[in-house]
Amino acid sequence: APPPADDTGAPPPADDTGAPAPSDDAGEPAPGPLTFGVVLVGPQNDRGWSQAHAEGAQYVVDNLEGANLILFELLNPADKPEATLEGVVDDMVAQGATLILTTSDEFEEDTMGVAEKYPDVTFINISGDDALTGEAPDNLGNIMGRMEDMKAIAGCAAALTTQTGQIGYLGPLINFETRRLAASAYLGARYCYENYRGLDPADLQFTVTWIGFWFNIPGVTLDPTEVATNFFDSGIDVIMSGIDTTEGIDVAGQRAAAGDAVWSVPYDFEGACETAPDICLGVPYFNWGPSYLALAQSVADGTWTQSWDWNGANWANLTDNDTTHVGWISGPGLSAEAQASLDLFIAGMASGGINVWTGPINLQDGSAYIAAGQAATDEQIWYLPQLLEGMTGPSE
Amino acid sequence: MNDTLLVRILASIALQAAPLMIAVTGETLTERAGVVNLSLDGKMLMAAMTGFVVAYTTGSLILGFLAAALVGALFALIVAFGSITLKHNQVAIGFVLTLLGADLSAFLGQNFTRLPGPSVGKFAVPYLKDLPVLGPIFFNQNAIFYFAILLVAAAWWWLFRTQPGLHLRGAGERPEAAFARGASVTRLRYLYTVLGGALVGVAGASYSLGIKIGWSEGHTAGLGWIALAIVIFGGWSPARGALGAVVFGATKSLATVFQQNVQGVSVVAFNTLPWLLMIGVLLLVSSDWVARVANLLPPRLRGGFLRLVQVTPPRALGVEFGQE
Amino acid sequence: MKVVPLLKRIWPLMPVLASLAFILALLLIFGADPATAFQALWQGAFGSRDRLLGTLAFWIPLALCAIGLMLTFTAGLWNIGVEGQLILGSIGASWVALNLKGQPAWVLIPLELLAAMAAGALWAALSALLKTRGKVHEIFSGLALTNLAIILTNYLISGPWQPPEGGSFRGTQPFQEAALLPRLFDSRFSPLSLVLMSIALVIVAVLLGNTTWGLKLKALGRNSRSAFLLGVSSEREAVIAMMACGALAGLGGAVRVLSWFDSLRQSISGGIGFLALLVVMLSAYRMFWVPFVAFFFSAVLQGSITLQLRTQLHSSLGGILTGVLVLLTLLFGDYNHLRRLRKESRPDE
Amino acid sequence: MHIELRDIRKTFGDVRANDGISLAFEPGRIYGLLGENGAGKSTLMKILAGYQPADSGRILLNGQPAHFATPADALRRGVGMVYQDPLDFPPFTVLENYLLGRDRAVNLDFRQAAAELRAILDRYGFAVDMDAAIGSLSLGERQQLELVRLLAGGAQALILDEPTTGISASQKDALFATMRRMAAEEGKSIILVSHKLEEIQELCGHAFVLRKGQLVGETALPCPNRALVEMMFGQVPERTPRPPAAVEQPLLEISGLGVRTQRLTVGDINLSIRRGEVFGLAGLEGSGQALLMKAVAGLLPAASGRIALDGLDITHLDYHQTRAAGVAYVAAGRLEEGLIAGLSLTEHILLAAPRRDQTFFIRWGAARETTSGRIALCEVVGVPDSTAEQLSGGNQQRMLYAMLNEGLRLILLDQPTRGLDVRSADYIWELLYARRREGTAILFYSPDLDEIIERSDRIAVFSGGVMSRIVEAARTTADELGHLIGGQQ
């Protein structure tokens, strides 16, 4: 059969209805008002970052009549040297995708490329900032969940629980995003340690260890399992996870089973507590469903316009997955009185009464970053240059 | 005393090293019989996956370990058949199986990724566990650790203190001579290749069911190669191999510790430690620089020093046996 | 009488059929429609111009490594480190691309390629010297050096070579246009790389078949002690063979960064070197087959991307197919070998 | 024990190794088994000792048909065989080596075994350190241990395949004495396979001769050597006499040379070898003569002293430089050290050619012609395209000499005729003499003292790493040498 016209790199002949182009090499024509593609960097069942996106995509399928999903997992050169975002996108477009979400900042560059290649397809790069900086073509937007607040809550839960006053943070690789998330967690922890437990925040030890990538690559990154083990051995009793996967809570569960008093706060995915519920203090998670649904809607009826969205929580109900973009769900491991204090904290943040990003905040090297009494701007938070004073661990 | 940072870390290192000890012992037995089974890495992945999947679905740890051992033995059987019966290059077959094992485990395990599953619990030995320092390190671990220690001891005894052990070593040193003494070399090599494979299988399951609980793609990747290197470092002796496993475990946790305590070095740098260690120890045991150093020593010490440091592989390692 | 020659002729097909059957079984077990699956495989590899170009583009570095490996295999060396040598090559090329700003392509590209080959050769030399001087088996040094190369890449892209917007592990910023190999229809395939690969192929084939050096490698591979006594300086030839292989792998690395990607990425290779080892084995260590087998591998892997998209099946299926095929070929592919065994099978013990 | 072999047949491919051999051995007697290379001696003995099955034929022990699956089997029935290269385990201790396969008990009883072994050793007057590693023992000692092991295993019939190669005169005497005792006092049947007629004559009472896989004659001993040789080769080959040493010019001058290795240190060697001289080295295995040759060849570094070739200082040249200087080294091993299995004879010749004659591109046509010339000259049975492992042992040896280049100054030979029958050996020496006439000097070591005396102009004697003295070949005897290398003055 001759190569289909729309697989040759030329944009698909989108007719006025905006319906997807017919493509014979996909075997069956794409049904429904919208075919959309989601590209994952990790496995779709990693109980972390990638699975959260997979569930978000599923949410669209469940709530948008006839929406048709093309999912592609594990797109990273380590797992698939032969695969490229462009190749995957080509195929998705060939199958009629008119909306494509690339769900990692790994894809930021390449997404720009394909966005230029397919001007009639809408692209969303998660956690990128090209739409903010204006480099992006008109058909490329960014979304990120405002996880900072949830991380602050998570940090608070950790601080309310720790017996040894030592919290360990399992960091992925070092960049702006990971720094600011770790920092938010620390600020939340410091606030609650001081205000609810009445202890001196200077005594709170908050250690960050970076494994070297978003998830474990054997022989190349530090093995998160061993980092977590080492955390507990060194006296840390609460591990917060900042990586895509669940080693943190896995090890904690193991230790608890062996009788140690340890807890963990996983990350990314609502269901992340399941590995070891009893010692899970709760999980700050991304709830992509609502944002994805909104996107899909707007693309389907042609009303989408480029934007850089930093979607926050529904403070009224942090676990309402139809409305909130990021969530916090407390785990069975959180004690009743800790829960009480945590509720106060959450209420405070909801009302704006509490903003952990209020100065004085110094960088790790001691230099002042946020002046006393001032609240940090979005840019200041987004582009945090170092870890903060009081946090242990490398900034670069 | 027993709850100091050092003791806790040592205990963890010992536990982390347990599966490696098992794998190293398995491969040591195989290579002592004259067969190189290079497929360790792939075998371990397959076993880790199988062990978890079976234990998860049946809820029985025992079945999990058995299944893993079976898979390990099966892979080993392929190597044995290919190299002993079909007289093909052992390294080639082992290498292909390594890559195949990685892909196959990823594929077959895809629906069991990161599920919370059963795991081997801790078992403290009464009284002994309270011994100063030794207690927490040796007697407050999980069954896998105890198994590893016993296995290493048993393997050492078998190799160096029994008639079958002599046959086994003979088959790897000089098969034609072993044959002349009534050993059936082919059968021995099959036996110990498969047994070694089964043990490596157990090692793989030990990760997914005890040390790095659960399954994920590439769960144990790289560790098989490490084990192969340790076999050499261990001079094909289970005891020394166990030591090697511990040394390796120690270095890995050092990498973690360093990140907190060494400033001004890129975080990434510390991940190089295990690999530098691998090259380092192999240089130590096999390069003839050591021999030259030895020549500086007084003759009395020379022999002992070399015996301590240097190792020589079984002479017929990887050499096919044509009978007569 | 006349069945034997026939059997002999079709014998090599057996492993192919067997491994296809194996995959078929997997597909059925995991409830996928084989027809769709194999169609998707085909579509993914050759279904369109872009697909074909993708297959070609992935083929080049793979073939380059395999060609280099023919040298080391002949010399009896297990250069598993070829993976790391490829990575070092991509680092070498990137170094030139990032540091020589504003030069024209005809200056940049040759320099990049040279740097890549030099870097690859260097990494190979380390392996070789560790073997000849330190008696460390090249399998282990190669493995360690490969991982060190990956870690080095991570260090560079997160440290000194990080893009201006700050270090992430994505990679360096895209190279200047002049630094990239000219590519066909803005695909990832660079005709120049194909030319280079073909030249390498011819040169290595001639070296192995018709030169004294090739003969020395052969001698070395079969009996290094005798070769030495016959006047072959084992160490020198071994090191040169490794470095030559490293240089070709390095070239492959350059192709990865300069035409497959446009920058140095985290884990640039992801196992191409290891695949190359399989390619050479499946080619039964015969130069003639290497490029074809490499192309077949590339096609299967490209296809398995589409396979995953269409059937939502784990894309390791491609790797499984090639792996099983190589294994079965190794075991049962050589008809004459099996016959010989049958003949000399004495009553064993 | 009465042993009878009936119509034994064994073929390898199309080689008829044993072609219907029938013979019998009586208890209490010592037999010699003779034959040219490839006659089928070892094959027959391996069959009798259970190392390989015969294609057809029967073995009768005391009239009872016996069937041996393995050598262990044969030993249980009382038949044991000692190899020239003992089948033991170099890294093991003497005790472990003795224990392997001794009994079925899982646990090893070192103490009891030690006592047992000690007893037998004493009975036959052997002295060996129980905890020494087999690898550190001399060939002679290892043979003794094999013998002891077989005796302990209850061997009634003992086969020794070329046992005297590489052991000292005194060790040989001890061995022969033991065998006589075992035959006379213990009524064992003993079969000695050897190429050395003198030994056969000295020890055996009866000889069987094989040729081309068939039994071509038997005779009571002693009898004239001529008769034996005639049976072995059909006719009596005339020996080439050694041409007189040519010129008096010194060629190789070694002064104060010392060589050190892990195992042995050789000190203060002083030698001057003349152009065209054949110089023999006598000594037990491991006495250092091979070290001397390796040092000259550049295979081992000289710890002290000076080696000069035609005035050129080659002390610190490595092997390849030395080679370029016109020195050739031929090691004892064939397929291990010298030939390469899988490579054609042409390829061997190409590799062996001196650097300057090696072209970058190979001209196969020319190379084949050179090769066929060379192999014709050395009467190697084969074609340029046949591979090394396809040649028979004797022809492999000849191939080694076919690879020697023109215009050599010095040839170093480690056991040039190891395992070759008289005729092949004689032919090798013809080739060497031809070289010598061109002024090439030859320095060689052989465990066969008779060969040394017959072939050399002068002889240097080694014992325990010391070069005790240099004697004129014409003025010494095997007996004298035998005692010299034994260390007695």
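In order of appearance the chains are A, B, C and D, and numbering begins at 1 in each one.
Note that in this section a contact is a pair of C-beta atoms (placed from the backbone, for glycine too) under 8 Å apart; a residue touches a chain by one contact, two chains touch by 3 or more.
Keep in mind that what you see is a predicted model, and the values were worked out from it rather than measured.
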By Cα centroid distance, the chain farthest from chain D is A
Which of B-D and A-B has more C-beta contact pairs
A-B
Interchain centroid distance [CA atoms averaged], chain A/chain B, Å
38
Can you compute the centre-to-centre distance for chain A and chain D, using the mean CA position of each chain? Integer Å is fine.
77
When the centre of a chain is set as the mean of its C-alpha atoms, what distance in Å lies between chain B and chain D?
43
Using mean CA coordinates as chain centres, what's the chain B-chain C distance in Å?
29
Which positions in chain B are in touch with at least two other chains?
110, 179, 184, 222, 266, 268, 271, 275, 323
Where in chain A do residues touch at least two different other chains?
74, 79, 174, 212, 217, 219-220, 396
Multi-chain contact residues (two or more partners), chain D:
52, 70
Touching pairs of chains in this structure are A-B, A-C, B-C, B-D, C-D
Given the complex with chain B, which residues does chain A contribute to the contact?
43, 45-47, 74, 79, 174, 207, 209-210, 212, 217-223, 225-227, 229-230, 233-235, 245-247, 250, 253-254, 257-259, 274-276, 392-394, 396
Chain C-touching residues of chain D, taken from the complex the two chains share
52-53, 69-70, 319-320, 323, 329, 331, 335-343, 347-348, 350-352, 354-355, 358-362, 403
Help me check something: in the complex, which residues belonging to chain C touch chain A?
36, 39, 43-44, 47-51, 54, 58, 147, 150-151, 154, 158-159, 165-171, 174, 185-188, 260, 263, 265-272, 298, 301-302, 304-306, 308-310, 312, 315
In the complex, chain B residues that touch chain D
161-164, 166-167, 169-170, 173-174, 176-184, 291, 312, 315, 323-324
Chain B - residues contacting chain A, complex:
5, 8-9, 11-12, 16, 110-111, 113-114, 116, 119, 121-122, 142, 211-214, 216-218, 220-223, 252-253, 255-257, 259-260, 263, 266-268, 270-271, 274-275
